[in-house]
Amino acid sequence: MARKPVAPGHADEPTRNTTFDLAHMSVRDVNRLLHEAEHGDFVIKNPRGLHAIVAGLDGELNVSIDGHVGYYCAGMNKRASVTIGGNAGTGLAENMMSGRVHVKGDASQSAGATGCGGLLIIDGNASARCGISIRGLNIVVKGSVGHMSAFMAQAGTLVVLGDAGDALGDSIYEARLYLRGKVKSLGADCVMKQMHDEHKVSLRQLLDASGIGGTVDVSEFRRYGSARKLYNFHISNLGSY
Amino acid sequence: MSSDDPWPRMPPRESAIYDRYTIAEIHRAAATGIYDIRGFGAKRRLPHFDDLLFLGASISRYPLEGYREKCGTDVTLGTRNAKKPITLKIPITIAGMSFGSLSAPAKEALGRGASAMGTSTTTGDGGMTAEEREHSSLLVYQVLPSRYGMEPDQLRKADAIEVVVGQGAKPGGGGMLLGQKISDRVAEMRTLPKGIDQRSACRHPDWTGPDDLAIKIQELREITDWEKPVYVKVGAARPYYDTALAVKAGADVVVLDGMQGGTAATQEVFIEHCGIPTLAAIRPAVEALQELDMHRKVQLIVSGGIRSGADVAKALALGADAVSIGTAALIALGDNHPRWQEEYRKLGTTAGCYDDWHEGRDPAGITTQDPELTRRLDPVLAGKRLANFLAVLTLECQTLARANGKSHVHNLEPEDLVALTVEAAAMAAVPLAGTDWIPGRGC
Amino acid sequence: MCGIVGLFLKHAKLEPELGHLTAAMVSELRDRGPDSAGFAVYGNATPGITKLCAVARQGPVAWPHIADRLSKATNAPVAVAVIDNHALVKTEGDGDAARTWLIDNVPEATVLSHGQSIEIFKGVGDPEAVAKRLDLAGRKGTHAIAHTRMATESAVTLAGSHPFSTGEDTCLVHNGSLANHNRLRDFLRRHGERFQTENDSEVAAAYLTWRRREGDTLEAALEHSLEDLDGFYTFVVGTRDGFAVLRDPIACKPAVMAETADWVAFGTEFRALVPLPGIANARIWEPEPATVYVWNRGS
């Protein structure tokens, strides 16, 4: 979609360093203005759990949201940096392509679902299906994740400082999981793997990018990934299907 | 009779239920330990449009002349919410089929043919290719449970968005296609390891249920600035409820795919034993729309076994706004053509029966990625063939409409139809020919 | 498919606000449940008095006359208050007997609830309009559960709306879709349960009633439902002194809880909790799958 070309300083260009108040504006109006912006810093007040806030951003934007957001906040995010002061509902940053999304509270189900790139940081806990079907996104969760996290995760990384719920990495493909806390149970074809130097380096980079590199020891993490036993059908595996 | 008197030998008697096909299937299952997978839709005999007839003109109804007296065929989709609804010149679209299951020339041919006739094509499982966008003047972009290839730029480049809940061949599938290998090309496109068994999610990763679908549709609209019509596609299972729920979830268009709808690769048991016939699905869907006062406001596209202009006209008469073709479109391109008979025989089949589309060895170069085979399909010529086929479908539909006195194909109605069988009469809610009896709805 | 809200007050302070807060929460979820709404309000209990709520099926019902007949038939004083098309019947006699009498003798009305504390109201149409018509905002009490409905496989009727009564002072609301409710309905019928709809949620409610009759505590009944009910569900059950929450093991249907020093609340979406006082500093979490949660006054 071609964005409307707007000359700098033109009256229509959304002002940089602008505050939007969702108590007085609709999500549609805010999203429309941000879709038209190429760059700038924005603050959004009174999100009050509304849905699809800042979904579909594509620009060098910095957006800060004061409060709790509903479903699909920052959905399909490209290039933008979004910080959420409160909690996020289902599907936070689903299918994000690049950029950075940071939630200071908790994230509900399917955080980062099918994400392709960029970095998603969750300061609190994520609930079920965190990182489901990710395809290159890196997720760092400082708290714990719920059941079925990294289900069918294809590529990318899920780092969890806390614990993981049941069926971690069920049917996982080639995504990498790093877990510091306890895992309640592993999903089908997900196994613990060796932590080599390359993994420690890669993990350190993600922790640095998340702002906690200095306080966390990578050797406390364990690595999980696909056993690759269910990649090809064997009748002896019938019980797993 | 003396004991030397020869009696005629008993001819071999095939069991109706343990027929040769079934016996071979049991042998195959015993040998391999895995279910059978194939392409194509349900092949068994089912009540279908052939069991309905138009009444035509008579003394009480007058026909329209061809040529001079217009019979309109255009349809506009997405009027409910989209800023940019799409208008098709003909009420026939090309159904979702993935690049991955189809070859690049096949996708290009579909685009060329559809564009020539002023209608749309649809992406499939795996996202949008640049060629596809280039060759299709109107392109519908599917959002599937797997989300392979999903990304916002493609969403924005599309003319419409189709959220796929299911398809007729496998309502509730996804699932694992054990033993069905992912080719190298497809693996790369979908960020998957090469040569492994295919698994597709059967539910969407970030929503379940119509109440949460409503919120997902809202997100898709926000990402695309509310420009594009949003379709919701379901396999025919509980069409009355599913249509009502799609409307409540905010759909602009409902796409309903009956069990005869094709697939690239699905378990045989799923294709033949799950989902209801297209004929049985249309009236309940239309009734749901009418009860919500949404008929014609939320458009209904029907697919699954549309083969001729007669099928098109009958589907419209039952209340659909448009139809979608998949299998017929591939056949128009050249699938199952007798010119490849030698090769079909080598594959253990024959022209007209070839359905192992998942094996990637299609002699016609349509359901394959093999460069040797795909080279055989000239996209320009094949596109012309599709355009011809679409033109015939349209002319045939107009012929029937005119004969029933309609100046627009949308004015076809159920009262123009009668049924030849009790099943078809009950399913389509039209009377048995020569009577005013609709089984199940009293006299 | 639906929206659920629940509000449980820890002290008497906010009791006058219960209805007002619940109505505000219901408004937030009208989109996901546009077909109908219902609510159960607990409070205003008087020892020795059983309250029964009933709603007219079609057309006006002669409630005062019915109250008279009930009184004579059960040999107990009965009072009735009419609210829109509902009646709040109060009897000093046996509650179960009154309920049975109403079901057997008043075919023009449906009994929605019975108990010392519970009152259930339901209506078809936009939830906000229903709440207004039945003055949800004006009601006081200790706790409330409300439901906004998007009908999936059964009709949009009053009888099909939630909450479903599951026994004295108990009710259930459901978000999701059950898969084995038809056979379970037959089984429960044979075990003495009565049904008014084809609704899957009504089956879940009847299942709990049956388990309670078999001697289960509410917690045990919900534990059993994990084995016996198949499908997707978030259940919120209202009890005389509190409420319970259960999500199925797959837990696809959403559920958010919040707690402060003054209240515990449930909402299908977080935005339903936004109207609550103190939400900005509330503890917010999501119930775990396949885990029974119970809150009671005095615990």
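The chains carry the letters A, B and C, assigned in the order they are written, with residues numbered from 1 in each.
Note that contacts are C-beta pairs under 8 Å (C-beta built on N, C-alpha and C of every residue); 3 or more make two chains touch, one makes a residue touch a chain.
Predicted model, so just to flag it, every value in this text is computed and none were measured.
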{"item": "Touching chain A and also chain C, the following chains", "value": "B"}
{"item": "Contact pairs, highest-scoring chain pair", "value": "A-B"}
{"item": "Where chain A and chain B are represented by their mean Cα positions, the distance between them in whole Å", "value": "36"}
{"item": "Euclidean distance of C-alpha centroids - chain B vs chain C, Å", "value": "43"}
{"item": "Junction residues of chain C, two or more chains touched", "value": "252, 254"}
{"item": "Sequence positions of chain A contacting 2 or more other chains", "value": "51, 70-71, 90, 109"}
{"item": "Chain B: positions in contact with at least two other chains", "value": "212, 215"}
{"item": "Complex interface listing, chain B residues touching chain A", "value": "33-34, 146-147, 150-153, 155-157, 176, 178-179, 190-193, 195-197, 199, 201, 205-207, 212, 215-216, 218-219, 222-227"}
{"item": "Chain C partner contacts - residues on chain B that touch it in the complex", "value": "203, 208-212, 214-215, 238, 241, 244-245, 248"}
{"item": "Footprint of chain B on chain A - complex, ascending", "value": "1, 27-28, 31-32, 35, 51-52, 55-56, 58, 70-72, 75-76, 78, 90-91, 94-95, 97, 109-110, 113-114, 116, 129, 132-133, 135-136, 151-152, 154-155, 171, 173-174, 228, 230-233, 235, 238, 241"}
{"item": "Chain C to chain B touching residues, read off their complex", "value": "1-3, 31-35, 150-153, 175-177, 232, 252-254, 268"}
{"item": "Footprint of chain C on chain A - complex, ascending", "value": "48-51, 68, 70-71, 87, 89-90, 105-106, 108-109, 127-128, 146-147, 165"}
